[in-house]
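You will see chain A twice below: alongside chain B first, and alongside chain C after that.
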Partner chain A sequence: MTSIDTVEALLENNEALQAAKTFLFQLADDDYITSFRGSEWLGLAPHIEEDVAFSSITQNTMGHAVLVYQTLEALGEAEADKLAHARPAGERLSSVYLEKPNGPGTYLDEPHYDWALAVIRLYLYETWKKIRLQTAARGSIRPVAAAAEKILMEQPYHLAHWKMWAVQLLDSTPEAKERLEERIAEAWREAGDMISFGGHGQTFLENGVTADSEEALQLRWLEEVRSVLPAPAELPLKEAGDGRRKEHGSDLDQALKTCSEVFTSDREAVW
Partner chain B sequence: MYNFIEHVNGSEPEAVEDEAKYAQFMERIENGEKIEADDWMPEEYRQTLIKLISMHGISEIMGALPEKEWVPKAPTLYRKLGIMAKVQDEMGHGQLLLRVAEDLMAPYGRSREDLMMDLLSGDLKFHNVFHMETRTWADAGVIGWLVDGAAIISQTNMLDASYGPYQRALQRICAEEVFHAQHGEAIVMALAEGTPEQKAMLQEAVDRWWPSLLMFFGPGSAETTGSSKQEVTTKYKIRKSSNEELRQAFLDKYLPRVFSLGLTIPDDTLRYDEEKEQWEYEQPDWNEFKQIIKNNGPRSAERLRLRELAYENNRWVRRALSNEPVVQA
Partner chain C sequence: MEAKKREVLEQVKKVDDPELPNVSVYDLGMVHEVQVEESRAHVTMIPTFAGCPALDFIKKNVETAVRELSWITGCEVTFSFNEIWSTDSVTEEGRRQLKKHGVAPPPDEYTPGEEWQVDCPYCGSAYVSMENVFGPTACRSILYCRSCRNPFEAMKPVIRDKTLAR
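Right after this comes the complex of A and B.
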């Protein structure tokens, strides 16, 4: 496959451009909602050291979303701030599993957040994120590969962090193990959209956005997470919806309302 | 950040335990030497440091909560990144300081767990400004610009503090606080140059924060609230200036900036006395201040509730990480 080395060249190849943009929107929207859910945790983590680490990861993750939205802006989409703040839920490609609230309550009022959900969800997500960044980095579309390479410079530390938590808690008290296992079972009912390309896998592969097939990547993910977690041998289901196909629940509406509250109070103002 | 330390139950400093050691210790203080965690130190010094540093540390942690309210709502991606970086720094400062406090408390067999319990029980106070509500995005700007600005004035005054571990932590904290003040100033500048609504939002925030900013440095003298311990901190060269000197330094630095942005201060009596070379201002309500730091401020209960929830909901995690069984409350 001939490689596409520049933004200009990509802009001239409509099929590759659409494929690249879809891949990037999936990535940026996932990171944006993940960073939002992470920011809700601030001050509520199990200990101060974890608050420091988690908020650092959350900040990096927002940085990744910014980088990818900016890449989309360079590819002819609206400016990054509008992509983040002005797109309605029905246009977003984030995974519904990542949109799920951290627990009962809101971040301002009675947040009964569950650390087991945080650990399992972020371990599963960061594992998938690594795999999809790696395949993009080996793909033949340079502007996409460059963004992936840049994110991969810090993302492995995020994955290592959540892996450490998962391993440590699974190897501790029966109570902790049980809590994690419940969240694993939940993930296998709901996280199916997170590890999917939403029907675009073949197009991604054919246009060199990814270097591997969707099926191969999913199996790689399954093998890796099963080496750490006591998880089923089959891929997760999509019982909560399919964000890759723009099917979202009210959780995303709520989240976006919060994230865009000040922005939408005056869209023309300089903030 | 904070120089207002209460006596616990009005207790007086204990009698000096060993006069020879005390004399030697004071000689080191006078010579500008740094005292380290394992060095001999008088009880009064140790207890003053524990109160000062544990309160400073816990205030950094509680201080992340008001701004946290605006982290997801930050109106642009860069503002989101900026405020995320800031609250992360605050948590980091809290962690650094609690580590320093823990070493000081070790001889009493007390740990960070005890500090957290003291916070929840109301025995450990946190800074008055972090009991206040944040109503609009302008609060994020004013907190960064003026509250952190006040913190810089107060903390740089202790950059040469006699206790080495605290002095070294402050070097890093002050360096980061400068970024925070710039972050806040950038938010404020955008609002000050913005739409009429943005300007009004900013002025409303400044009006609302003004009494808290005056209170920030603590009362001018012990008579005001009957419990200032500022003289002890200067005796041991933990800090240099009095509460009022710090407040005047803050007014000197920030009032010209406030006025140059076209903002006003809600105090008709505010003026600079050329003869005395100091600002004259209306005293904030120090009784209200006492109420605020007794956890009766506008948002005290809600902020403490967040820490309480974190403590309760993560009990199973602490149990999982601990080698010993954690006692059920």
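Right after this comes the complex of A and C.
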């Protein structure tokens, strides 16, 4: 496959451009909603050191979303801020599993968030994020690979953090183990869209956005998470919907409304 | 032209990290390239961590500093993700100034899960422990010196992915 080395060259090749953009939107939209759900935990994490760590990860994850939205802006999409805050749920490609609320209640009113959900979801997501970044970094579209490489240099800290939590909780009390196992079972019903390219896997591969097939990446993910978690041998289902195909529930609307409140309050303001 | 470039670079060198007075963005290894065309300058910078909220401030401060040159009519500052910031990019002066702030310069290589190889910026002891990999900003961690009993921060190294040949 001939490589595409510059933004200009990519803009000349419409098929590769569309494939690259879809891949980047999936990545950025996932990081955006993950960062939002993470920000809701601020001040509520199990202990103060964890609060510092989690908020640092959350902020850096939003930085990754910004980096990818900026890459999209350079590829002819709207300004990064607008891509982040002004797109309705129906245009988003984020995974519905990542959109799921942290637990009953809201940030301001009786937040009974579940740490087991946070640990399992973030461990599963960060593992997938690493795998999808690695394949893009080895792909043949340089502007996409460059963004992936940059994020890959920071993301291992995030993954290591959630892996540590998962391993330690699985090895602690029976209650902790049981609660994690419930969230694992839930993830295997709902996280199918997270590890999917939404029907674009073949196009990504043919255009060099990714260096591996979607199936190979999914199996790599399954193998890696099963080396840490007691999880089923088959891939997760999509019982909660398929965000990659723009099927979202009301959770995303609610999240976007909250997260974009400041932006929407004055769209002309310069931050 | 070379003289003009040098003048611009001298201005850029005056810009400090917003959180670390006297530690210049130049000494942190964030300045990649200065280009001058007639009376316009273009400074390409490398972010340390992508999630750094200070990038916009740094950009603005670099622009302002360069525009102080009387012959400059325009200055553009961009952050490039094509260049990779690394531990080696921090200059000797940068390392010296970081220590004055109680921040240990980044170690050479770090694999998540393994111990850090940094020395206490106050007493130089290697008898230190990691308190929190995640510090007050994305690029810093919190450690504790068991010799002089001071908490301190260390700049986090970035990680090279093993699956990528570079």
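Methods note: the second predicted complex is superposed on the first by the 270 of 271 C-alpha atoms of A that agree within 3 Å, B and C clash if a C-alpha of one lies under 4 Å from a C-alpha of the other, contacts with A are read in each partner's own complex, and residues count from 1 in each chain.
Following the convention adopted for this analysis, a contact is a pair of C-beta atoms (placed from the backbone, for glycine too) under 8 Å apart; a residue touches a chain by one contact, two chains touch by 3 or more.
These numbers were taken from a predicted model, which means no experiment stands behind them.
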First, second, both or neither for A:Leu108, with chain B first and chain C second: first
Contacts of A:Pro88 with chain B and chain C, given as first, second, both or neither: neither
First, second, both or neither for A:Gly199, with chain B first and chain C second: neither
First (chain B), second (chain C), both or neither touched by A:Val66: both
First, second, both or neither for A:Lys150, with chain B first and chain C second: second
First, second, both or neither for A:Gly76, with chain B first and chain C second: neither
Partner with the higher number of touched chain A residues, chain C or chain B: B
Partner chain in contact with A:Leu42 - chain B first, chain C second, else both or neither: first
First, second, both or neither for A:Val52, with chain B first and chain C second: both
Chain B and chain C contact sites that coincide on chain A, given as residue numbers: 49, 52, 56, 59, 62-63, 66
Chain B contact footprint on chain A (complex, rising order): 35-36, 39-40, 42-49, 51-52, 55-56, 58-59, 62-63, 65-66, 69, 80-81, 84-85, 103, 107-115, 168-169, 172-173, 175-176, 179, 258-259, 261-263, 265-266, 269-271
Sites on chain C touched by chain A in the complex: 49-53, 81-82, 84, 112-113, 131-138, 142, 156, 158-161, 163-164, 166
Interfacial residue positions of chain B with respect to chain A in the complex: 61, 64-65, 68-81, 84-85, 87-88, 91-92, 94-95, 98, 112, 137, 190, 193-195, 197-198, 302, 305-307, 309-310, 313-314, 316-321
Touch list for chain A against partner chain C, complex: 49, 52-54, 56-57, 59-64, 66-67, 71, 134, 137-138, 142, 146-147, 149-154, 156-157, 159-161, 164
